Amino acid sequence: MPQFDWSIVGRYGASFLQGAATTLAVSLVSTLIGLALGMLAALARLSPWRLLRGAARVYVEVWRGTPLLVQLFFIYAALPFYGIRLSALTAGIVALSLYTGAFAAEIFRAGITAVHRGQVEAARSLGLSYGQTLRRIVAPIMATLVLPPLTNEFTGVIKWSSLLSVVTVPELTYAAYRAIGETYSAVEPLLISGLLYWLLNDLVVLAGRRIESRLTRHLA
Amino acid sequence: MRGFDLRIVIESLPLLLRGALVTVEVSILGLLLAAVIAVPVAYGRLSRWRLLRAVTFLYLDVVRGTPLLLQLFAVFYLPPLIGLDLSPFVSGVLALGLNGGAYTSEILRGGIRALPPGQTESSRALGMSALQCARRIVLPQVVVSVLPALANETAALIKASSLVSALALVELTRVGYQVVSRVLRPTEIYVTVGAMYLAMNALVGFGAGRAQRRLGASR
Amino acid sequence: MTRRARTWLAALVAPLAVSAPSPLGAVGALALGALVVLGGPGVRDGHAGLLDDIKKRKEIVIATEAGYAPFEYVEGGKIVGYHADLLALVMKDLTAQGVRVNQLDLPFASLLAGLQAKKYDMIATALFGTEERARRFGFTVPTALGTTGLVTRANNTAITKPDDLDGKIVGAPQATKYLDQMKALSEEFKKKGGQGIKEIKEYASGYTEIYADIDNGRIDAAPNGLPNLAVLLKQQPGKYKLAGQLGDPTYFAWATRKEDQDLLDYLNAQLLKLKKAGVFNELQMKWFGFTMELPDVPTLGK
């Protein structure tokens, strides 16, 4: 049976936890920015102006159709040639946000159009103003429709953030690489970081379910 | 301001195309493996036996809860512990297949559950075994009904193949990186690489649309 | 049949599992698939003399990080460079006996880990033999000089020697001796009352990003071997400049696992033979434009 070097847990534990914290922070920021971008893009695609619709469509298609790694390399290595020299961390967040935004745009677009027109008409006929309709009827329904895919997005971003290790952002995968390089042993760092990612993932999923049940309590 | 140097793109095209070929190879093989894994896992999740359900759920939770990059490294560095050694190519295919298989199985499972139970009941009543029922009645309908999601998953796999560059496998992204190292024009090269991925995904979308129209026409 | 062909065969056979007429057929198809993929040079057993094992297998697997010009880098899809040429000559005896050289290009940070995990037989790349590494691995006689130099942007007048790095930002690849040197230097600065190096960025692999980041200003300087820097200055004139030398002369060597003494002896014998015949000087002139004084015995740095 192969040996598991427990001393690595002790020696690199702090480094792994720090990396996990960075991963969580970067993912949270990127997801929030990405959601905002996604909402804007979704609205743009449903707007009456053709130019806006077209631009949003291009953004969504291109960012969903190309690998995040290539986008990351571009933002990190090519932009400096045009005077935009972002730090590794900023470049990583920008790349993740743009990537998430494109996927979130599609989720939002589907959510907005899925809210049954009938609901809106019924609400209006009952005398609710447009604002009230939006807040009391449309939003909660949208919440149930989009919350699961969106917690999905967050967990997705947590996993995609591992790519940021390639451009020197000190997140969890980066910590694993460092441990592998210094201990000459790949097993322990991979298992430890894998476990930490798995934990993060499950925690987010649990939290998402909690929030969803809270928000939709009144609809039950 | 630098202009877009088309010459560099044209010069690098042969190398990039060779990389794209490797991407296609890895993606197709990964897809096949994912397909082979997805069906038993989907049924495993729906099975009556708790142990089978638990095991498949564990597989799904681990694979969908950890980054693909880590899975790739795990598939490359862990097997030697049990005496196995996989090349970067095989590791890439295996990792993509295991990962894609997990997501595909969930897509299939959703489709299977969405199917009216009458189909299964009537075919079993006619004497078909569970296996025959699955293969002849359930799966063909499920695949057609979830085709858009499957096309999405295929596109995701093609993009995911770019990660195999981390094992220095010379697929499209890795070749792009190497060319940039030499010619130092990241804009031109990465835009070209991105365009090639877009083209591949567009083909997948086109093919899936065609297939859906053909297969779904009978509905 | 190449491994790629075998993988394709397995892939085409495997879907039979889903459409096989009986469960037995399905199991058989999967087993066949697995065998085809995993068959071949799968199990590495380091006990019974690795060299004999290699000759029996008819394949030697060598790991390299081909991102370190002019020692080893990729051009037109092949690994070329000083070490590539040297490796071909060193392996001549084995290739004459029908042994296939399988050279893997992998990221540097996990090279030694992979060697330990028996994923390959040896490492032929620009690697420093240090005392710490020598506790787990065996090193050949030096193949090249690797003394550390510093590189900065050509118009950077603030940094002309290592001591100017106090309070600056540097970058180095993960798991390299260069990185350790930077950390040690920073400690020294702090002991003498300075701020230490402001930030040491660790890069995933290769010097491409590091050089680019020096050029666009993300980092101020980076350490690298003098031969590499000499070639860099030649290939990209006017962009960079040398800012002094750091530490004692150190040497690159190739590595094996500690227990594979027979392979190590073979490598050393071949290397010394080539050195005596003047091949080292010839290749050094070809790739660097100068020759190097190298010891005839494995020489470890700190």
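Going in written order, the chains are labelled A, B and C, and every chain counts its residues from 1.
The criterion applied here is as follows: a residue touches a chain if its C-beta (ideal position, glycine included) is under 8 Å from a C-beta of that chain, and two chains touch if they have at least 3 such contacts.
Fair warning: this is a prediction, and the values are worked out from it, not measured in the lab.
Chain centroids computed from C-alpha atoms place B closest to the centre of all protein C-alpha atoms shown. The greater number of contacting C-beta pairs, out of the two interfaces A-C and B-C, is seen for B-C. Rounded to whole angstrom units, the spacing between the C-alpha centres of subunit A and subunit B is 20.
Separating the centre of subunit A from that of subunit C, both taken as means of CA atoms, is a distance of 36 Å. Subunit B and subunit C have Cα centroids separated by 32 Å.
Listed for subunit C are residues 110, 113-114, 117, 212, each touching two or more other chains.
Under the contact definition stated at the top, the residues of subunit A that touch 2 or more other chains are 77, 81, 165-166, 186-187. Annotation for subunit B: residues 73, 77, 81, 166, 177, 180 touch two or more other chains. Taken in their complex, subunit C has these residues touching subunit B: 3-4, 7-8, 11-12, 14-15, 17-19, 23, 30, 37-38, 41-44, 65-67, 73-77, 104-107, 110, 113-114, 117-119, 206, 208, 212. Contacts from subunit A toward subunit B in the complex involve residues 2, 61-62, 64-71, 73-74, 77-78, 81-82, 155, 158-163, 165-166, 173, 176, 186-187, 190, 193-194, 197-198, 201-202. Across the complex, subunit B meets subunit C through its residues 15, 18, 25, 28-29, 32-33, 35-36, 39, 73, 76-77, 80-81, 83-90, 93, 131, 135, 166-168, 170, 177-178, 180-182, 184.
On the subunit A side of its complex with subunit C, the touching residues are 76-77, 80-81, 85, 87-88, 165-168, 170, 174, 177-178, 180-187. Contacts from subunit B toward subunit A in the complex involve residues 1-2, 61-62, 64-70, 73-74, 77-78, 81, 155, 159-163, 165-166, 173, 176-177, 180, 186-187, 190-191, 193-194, 197-198, 201-202.
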